[in-house]
């Protein structure tokens, strides 16, 4: 098997995680290039991963003849144009979620991708690759809960006093685009990809008053209606006290599945004067450790002609379309057409 | 201590449960009279509980000089007038929830009750008397989760193939008035009784197509907004496969409480080729066994001058007001003012 | 139904619990007499339960013509003689566990009971009446775990710094006779009452050094061998930090049942900076609340000709026989014949 | 960093797992040689891992100048001599547990290892490298449960109808040497490595009658006494119906830790007409997936001068010494000195 030569753009916290996986754990991949406007990140790339092909300039990076594929862990606002540039340069592309903050940008990417059917283009909806979510989907597919018709899903982060996400609010697209986009994708996946018709959202600021100036909230609820009668309800929070608790429930006519409840860090239970307790995972890095590896393995496998990646750009576009409608509803206070 | 002489009206399944508690378990109470238009129920009252004062006619019942208090387990449509009649006859009144299906009826009852301050008037929001809910409220009051700002609460019943609730849909007020009214009351309780401002609902029919002709659903979601920023989201289902799962989550700025998750029937876990599992409680009778007793004990205690009951008619009115707005939203598809 | 007129001897903490149940919750019973050498207990009996027939002297009590049955909550050392006296006075008898600390005493009681077949004689192995244990036994009986062949059972108390049980060590019979006798009875019940052949025990003092002078321990382990190959292992502790955790596991050829794991106080889970936790029940009073009531109801039902009580004096004798062998092994360090 | 050139001996199921990790996931390692008497295994080594240095003969393998270290996944009976040969050939050695079935063999290995202080010699007590066990040990070390004085630990396998372990009984050393040796090592680790003084065991055959001719059982219990008062109780089973459940409880003076309870396969809970359940891990491969990788990473790190491996040959000798005493007790029926 020829290795896929990979270049990574963006070496922040998540970028490094991907780089570590690509360097040491993904079969069939060789991490050979890096791109960052930050010199320290490029130095680290060379020092820690032995990467020789270092680019400060994205254009040069994307046309580097020494790479077959790029992994983009860059700000969301850059995603669409960068994916397009990479596809047009003949590279396979893995890009972090969300694909873009507007449906128009997503559709631009889709149009370009259609003209490059030989290139893999994959958005990092990492949760589909988590063993628990994958097992849950297998149960749904096997009919073990009958016909699924309702999804309840949440992404709730441990409160971050530093207020990082407040400063980040403008470019992240807000709570629902940043967090719930995963839940949206999972709901569509579990429900068999029905078309969403309407969304209604409501939220509140529990702790981070600074969000008000961005028309954002730190706790939000949304109901989404789908054709055929399926429904989803999402909850996103920035202010959990015990850890990062990602949870998804799929309710069917013959049973229900619940993924991620309680967010145990490990298999340890401590009983003492506080009661009987487990510690929760601290963040999505800890929670989706294994999934990050599996998603890149799936990407690399697809690059060398293995199974197609199990999610399409159209899935990413739909997630953005629903996320946008939810965000619009949060601001208008009214249900919005999706 | 003089016993409170009690008459019960309505001896269906829940009526019998109350009668058993009154006859055998409530201190300070004597179950001495029964009222029912159904002869068999009166016969059973005499045979099983030794009740001598039997009434087919409600007017005669409510003016029976041998009783001090009435317990009304009658159809919801009758509640308001019956409570008023009982108060005006000088009796203490316990009435099953909801107090009425319209706010106007609730307010009529409140007005009469205000003219009879010496009479106890209590609505059966039984969950407040459940030990787990009471313990949760104690934690909230002690500040253990900081400031509560979000409640997620559900009432989900084991699917009943007989379709009883389909036939009952018209008189029950529909899914939200029948089931969620408990969750509404709990949310107000846990959140410190803020005023609700808007409600939005959406639902679907998963199994019971017959509900369509009653503009009802068998699975429904609702978001309620409160003054001051608190939010609640409710889920009600008639179609659970594993049992009756009542669950309430109260989320605060320093932690969260979850009541009722998994609905274990008992403390038994079975491990076999199916996995590791517990059985779930079958219905609210099994789940709230102890609470049914405690609520009547609280009522009887109040009748003899003990502590006032911890919930007012105004609470019941607010629950109806919110439930009505949710139900209106389910039909209009738009947010409705509460 | 004629009520059974009951006298209670011993009104300490557990005695009062039984008195409350007999006075207010047990159908078919009337608590009419009390016996205690402690004047304050008799006064309380009169004041709190309206008991008129008060006895400082056990002989007078047991021959009181106004009572049909006695409930004995007296020191273990007195059990055998008191049960015999009550049976010979023609009374039904309920006595707290253990029946006696020696097999000889148990057998003396059995011999007398055989001469009074019309009198009910029941030992308070309360756990058989706990709904969870009863449900577990129903699963075993239904064959859901195949053939049961191994029981692991524990009785572990919240540490009591007051050292009450240290002073009590001599008269309680030690850790295994005091605590494990319940586990022994449960194991025999679940395993189909096989004959025990050998016992081996080992223990340690974790906190309460004062036990050494009584040849007792505060944490003990014991293995019991039964004819036919079944085995049991018991654990008893006086030093748990989180609460009272009674747990029993029954392992069969097709599955296993676990009763009581984690000892949740209620259905509440708190998530905060400490993790995700529930509080544990504090003591056996809280844990076996409902069972205490059910066992006395079963006793009273048997007194009026209802179903025979589901455990015999022979069961109590066997529990003592095994407990004695375990205690002997703890001291000898060698396996002891049962 | 120069890679450690590794040769693996034994390519059965566990051998292949180690080979996969060495080939693809362990940083600083290069899997370059394989040894097996089975031609098909060598062919697979070449085909699947690209290994060029293939040995049918162990002597040739161990003297292969192209390798720095060997990983031995061979029958237990061969361990001692093979480890000695490898050390004397100047190689680092990782050997599967148990080190040997007799204390004498363990001590022979230790003596040789002491003469080769520059060579790493590590026994595969994989559970120490499991994240949950490591986290539990960190809590113990931090004093969160006070002074640990009791360990309850079990290794219970899903029943294997094929009876593989029956045929394997003679060479495995029996139930306790095969399974409980892990629990023994964990108990020593958690308790601070006290010296064991006595062991008592008892067992039964629940399903696999063929074990009788090997003086073995399919379910066994053992109590071990340590100097200073600590105690351990072990349970091993070959006949679980729901999966592989490895569980360890460490009880201290201020709390307790429980690792592995319920053996959930993942974070999925299914609620249906069977109740509320999770699936259990099927076997130790699934349960200790991550630990297998971590232990080899620790070995390789030590080979290149990183931190010493956190368990010594003396630990392995002690585990065998205790396991041998337990096995002797199972046969004699009497406590045996360790």
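Letters A, B, C and D mark the chains in the order given here, with residues in each chain numbered from 1 onward.
Keep this in mind: contacts are C-beta pairs under 8 Å (C-beta built on N, C-alpha and C of every residue); 3 or more make two chains touch, one makes a residue touch a chain.
Model, not experiment: these values are computed from the prediction.
Peer 1: Applying the touch definition from the top, give me the chains sitting in contact with each of chain A and chain B.
Peer 2: C, D
Peer 1: Among all other chains, pick the one whose mean CA position is farthest from the mean CA position of chain A.
Peer 2: If we average the C-alpha coordinates per chain, C ends up farthest from chain A.
Peer 1: Only C-alpha atoms count here: how many degrees separate chain C from chain D in terms of the superposing rotation, rounded to the nearest 5?
Peer 2: So the copies are related by a turn of 180 degrees.
Peer 1: Tell me which has more C-beta contacts between its two chains, A-D or A-C.
Peer 2: A-D
Peer 1: Mind checking the centre-to-centre distance between chain A and chain D? Centres are C-alpha means, answer in whole Å.
Peer 2: Roughly 38 Å, centre to centre.
Peer 1: Provide the C-alpha centroid distance between chain A and chain C, rounded to the nearest whole angstrom.
Peer 2: About 56 Å separates the centre of chain A from that of chain C.
Peer 1: What are the residue numbers in chain D that touch two or more other chains?
Peer 2: Counting only residues that touch two or more other chains, chain D contributes 145, 240-242, 254-256, 261, 264, 269-273.
Peer 1: Sort out for me which residues of chain A touch chain B in the complex.
Peer 2: Chain A residues touching chain B: 145-147, 149-150, 152, 198, 200, 202-207, 219, 221, 223, 225, 229-231, 233, 235, 237, 239-242, 251, 253-256, 261, 333-335.
Peer 1: Would you tell me which residues of chain A are touching chain D in their complex?
Peer 2: Those in contact with chain D are residues 24-25, 27, 131-132, 135-136, 139, 144-145, 254-261, 264-273.
Peer 1: Which of the residues in chain C end up touching chain A in this complex?
Peer 2: Its residues touching chain A are 240-243, 245, 262-264, 269-280.
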